[in-house]
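Here chain A shows up in two complexes: once beside chain B, once beside chain C.
Right, the complex of A and B next:
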């Protein structure tokens, strides 16, 4: 029953994603394509942080690796940009795998530190080796074109991105079930106990880093094709932070929460600026003298999403997915009370 | 690999500059260590708090007619209240949370202070006045910038004052006790929660000093302290993240090292200074996780 219901839910979601662009203009479609790219990065981050319990503040750096791979191969070497997507993933994945080795020695805050450093270092490396990366100006890619007649480039990229996202989503679920997933979660819960039960830390931590970075690299490649420019400024530390924040807000460990997180990453920095305008407006209507701060200026989105982040951590530590689960459980309890033939107390417990 | 021209005079100038910038790293590193020792939180927002208070100092000087030193001391006071307030209002709510939770909370603060500064003062870069005259000292015919000597002296004085506070005052003793054993300290009448707040306040005050000292060198922007924060992390880890002496020595060594390497090793240009420091960080974490001054904790299986 539950599995059938879940499959039905996924099918409905797929249909919704498939028909959505038919109702949207090119601008919104492209925005949703970015959501798809961020979703891929977050699926990867979720494997690493949600399941293996390893913090990364540096996934923007792996995205940058994928993006630069795509840019350099397609512009300087004439490789078809579709082919560069898996290559971007592989390059980033290898880098992540290698980074997993020093990360083996680091736990908790130190790992966060090392990955934070990675996120700051990669843009400055891109500036230094400008003969490959175009320095601060970056590399300009060709405008995206659609290989299928009758499909606009925006829609083509939309479907391409979401198709990749769906496949990678399925891969992640397969990867995380069974032995590998159990080993990763064992490491998350208690490293010492995991080792004692025969889980090889070296093998699974580097694997988690590699796979996670592979996803980020794919996301970065798509990001490069979408925005058709790659430069160091596109991958600031803020991006890495935003990815982790998106994961937390979507719900750490939840695969579907990733969608909510990806939407957060794309929309909140853009739309958050409008929130204080409304708040200030409302306060003024009540008669409070607040007008000095212009809500359209820089910095406002950051303040808003910083506050959202703190509120989510304080009030809903399981993120949006946790809220949805709690809401679902509450509804089920409500219905089981309405229909007294059910054995009371038993049915909803298993969901927790 | 070695640069073409080498004079002892210039080398001496580079050493003084390296020590001055190292002193800035050292005071921010010390702020990190202070918070890590008392509340076991690695404060990713430390640099942004320092930047924010530096903007307050800038505002006092340019908009409110303060001259430099009064603004300096008023800002330190404000920074103390800000740090203590952040601990009491935000950090306390998440006490005892997992590493991930605490990191995310300080990341949230990072984002809020960064955005707040851009919001209030605009992200454009501003000139920050230097309290030291532009006329250099002449030491044996070599011109040494007063600014660099000044940074070094101010930072060393503030570190010494902090050390004296911990060593010779009752509040300092209480803070040390609260960091080592919160529960017995509480039973002996130390108000442990307030000690945590004071720790955060002192750290923010130190951060403000580092921000005000480095601002004339870097131009004041909301992102000014991000790179300094990375160096401070490296310095703190280099010294062993729990050791105040280690943080200061680590900061000075790091400032000296990066300055000399980027000047005299051709391959490491100014863009590579940061990756170079990052490489040191990863290397130290792998080879000697307890740092140069830290104690190795043994994990029994």
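Right, the complex of A and C next:
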């Protein structure tokens, strides 16, 4: 029953994802495609941070590597941009694997700082090697087109991205399920204990970095195709921080929480600027004497973003996944009160 | 599992919120009704470049005025009775966010046109997209020469201010005429913006350059570059940089005891930014004597205190943005740009289309009261550089004084 329920839930989710664009305009469809790309990056970050316990403040840099791979290959060498997506993943994955070696010597805050350095260095490198990367101006990609007649470019990219996300999600679950997952979690809980139980730190940490960066690279490639521009300004430090924040918001360690986290990464920075006007409008509508705030004031979006972040942390300290668990538990209590004969905690009701 | 169901429910909720927008059919003239016209822009309201946010405020203030006043001709509020709805989206100076916000404005909000979007890379990122969709991208807030130069390739895109190449030429001419023995050291941003300026300067005064140094966009400290430039023995310092590095360069030069002739590009030579440099150096000597160019009236200068347009500007600011610092010229810049847009919108006719607006913008020629005395807007489809008059101006003890003649460029 439990497995059937889980499969049913996934099926419902897949159906929801599949039909959503039919009801959405082109812009919202594109936004949900960005959510898919961020979800891929967060699945990867979750492997590294959620399971192996290694904090990365540099995943924006791995996304940049994937994005530049796609841009350089498709614009300068005429490679089909679809083919560049796995290549973007491989380039970033290799970089992540190599970065895993120096990272072996670092832990906790020091590792966070080192990865933070990565986030600073990669955009600067892109400026330095401007014959390949186009320098500060970057590379403009062609506008996306759909290879399938009758499918709009927006929907094509949407389905492509979510199909990739679904496959990579499955891969991540398989990757984390067996011996590897156990080894990573052992490292997270206590490195010394893990080593004394025969877990090779070098092997698993570099593996976790490599796989995680591979995911970020794939996400970066899609990000480039979606945005039709790649330049150093597209990968600010904020992006790396935002990804980690998204993971925390989604719920560290939860594979499904990444969807909530990815939605946060996409929607909050873009919509934050519009929140005050809507709040003031609503307050004025109910008759409160609130004065107008100039929506063009600098800094307003950042303040709203901060408030939203604090609210989420306060109300859902375990992230979206934790919130979903609590909601689920509350629903179960509600049902068990409705039907007293059913003992609380029996699975039969839950999966109904 | 329950959380999956919750997620599916959340997705359905998103769907429900988005449905109404999706069902609205395509309009013949997006953003246009009998009583309103919706336009949009992208600006850095957050992040390092948010110093430029006052431009959006200046535009908003002017549109509020147009919406409230009765026009001299038809006695109607707005433009031909249409209220201007102005949507400003924050792009944090990140071109990917510019791309997203621009698509939101076009596809979701269905704006009629994009007016005054800020940043060279940012506006380049969406130029191809907007031209493919045939959405006007007008009066972008950047002085790159590509906007006017490549208008034929991208007919839905046009710039506004004097371009960086022409400004560089003005500094070159100044050095040739006034500093015939100058040894010039140049600090410039290592991208199209800095190179545009340098290209213009070189074309007139290349032989005067004895040293050049670059910095990467996003860098805050330029101390080592300034030290090397000083060591070159130069007696003239040309700064082609955005505000933060410019302030750093001026302060460093002062602290090193280097007292060259100073030439600073106009995007950073404003009262506000030079005031910051003076405060940071602790002495007016760090900024006195700076030569730059101007194309708009200077709101902070006593010379323009009684100018009708500057007074009008201050009245509008007091009415619609009372807490703003009116001496910040960026508000004036935004307002002047909004005024040109309103002029073009009137000329696009009582039933404007995106194409008729573009034709009006491409042919807009009038004596704008926001420009320097004697200057005017001259736009032609074959020469799409709306503002083409500039004058040299010198900063001394907190205010600018224009000198030399009004120069026509291009």
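As a working rule, the second predicted complex is superposed on the first by the 302 of 352 C-alpha atoms of A that agree within 3 Å, B and C clash if a C-alpha of one lies under 4 Å from a C-alpha of the other, contacts with A are read in each partner's own complex, and residues count from 1 in each chain.
To be clear about the criterion, a residue touches a chain if its C-beta (ideal position, glycine included) is under 8 Å from a C-beta of that chain, and two chains touch if they have at least 3 such contacts.
All figures in this text were calculated on a predicted structure; none of them were measured in a lab.
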Q: Could you tell me whether chain B and chain C fit or clash when both sit on chain A in the superposition?
A: clash
Q) Where does A:49 make contact in the superposed view: on chain B (first), on chain C (second), on both, or on neither? A) first
Q. First (chain B), second (chain C), both or neither: which does A:190 touch?
A. neither
Q) Regarding the shared-chain residue A:200, is it in contact with chain B (first), chain C (second), both, or neither? A) neither
(Q) According to the stated criteria, A:80 is in contact with first (chain B), second (chain C), both, or neither; which is it? (A) neither
Q | Comparison of chain B and chain C by chain A residues contacted | A | C
(Q) Quick one: is A:307 in contact with chain B, with chain C, with both, or with neither? Answer first, second, both or neither. (A) first
Q: Using the superposition on chain A described above, determine whether A:127 touches chain B (first), chain C (second), both, or neither.
A: both
Q: Mind working out whether A:299 is in touch with chain B, chain C, both or neither, as first, second, both or neither?
A: both
Q: With the two complexes superposed on chain A, say which partner A:152 touches: chain B (first), chain C (second), both, or neither.
A: neither
Q: Could you look at A:245 and tell me whether it touches chain B, chain C, both or neither (first, second, both, neither)?
A: first
(Q) When the complexes are fitted on the C-alpha atoms of A, one of 22-30, 184-192, 274-282 or 400-408 in chain C overlaps chain B. Which is it? (A) 274-282
Q: Could you pull out which residues of chain A sit against chain B in one structure and against chain C in the other?
A: 124, 127-128, 238, 297-302, 305
Q | chain A to chain C touching residues, read off their complex | A | 5-6, 8-10, 12-13, 16-17, 20, 23-28, 30-31, 34, 123-124, 127-128, 135-138, 140, 143, 223, 227-229, 231-234, 236, 238, 256, 259-260, 269-270, 272-274, 294-302, 305, 321, 324-325, 327-328, 331-332, 350
Q) Can you list the residues on chain A that touch chain B in the complex? A) 49, 53, 55, 57, 102, 105-106, 108-110, 112-114, 116-118, 120-121, 124-125, 127-128, 192, 196, 237-238, 241, 244-245, 248, 252, 293, 297-307, 309-310, 313-314, 317
Q) So in the complex, which bits of chain B are touching chain A? A) 42, 44, 90, 93-94, 99-101, 103-105, 107-112, 114-120, 122-123, 222, 226-227, 230, 233-234, 237, 269, 271-272, 274-275, 278, 281-282, 285-286, 289, 299, 301
Q.
Taking the touch rule as given, give the residues of chain C at its contact with chain A in the complex, in rising order.
A. 1-8, 10-12, 14-15, 18-19, 21-22, 43-47, 50-51, 53-54, 56-57, 59-60, 88-90, 92-97, 99-101, 103-104, 106-108, 120-122, 124-125, 128-129, 132, 189-192, 216-218, 321
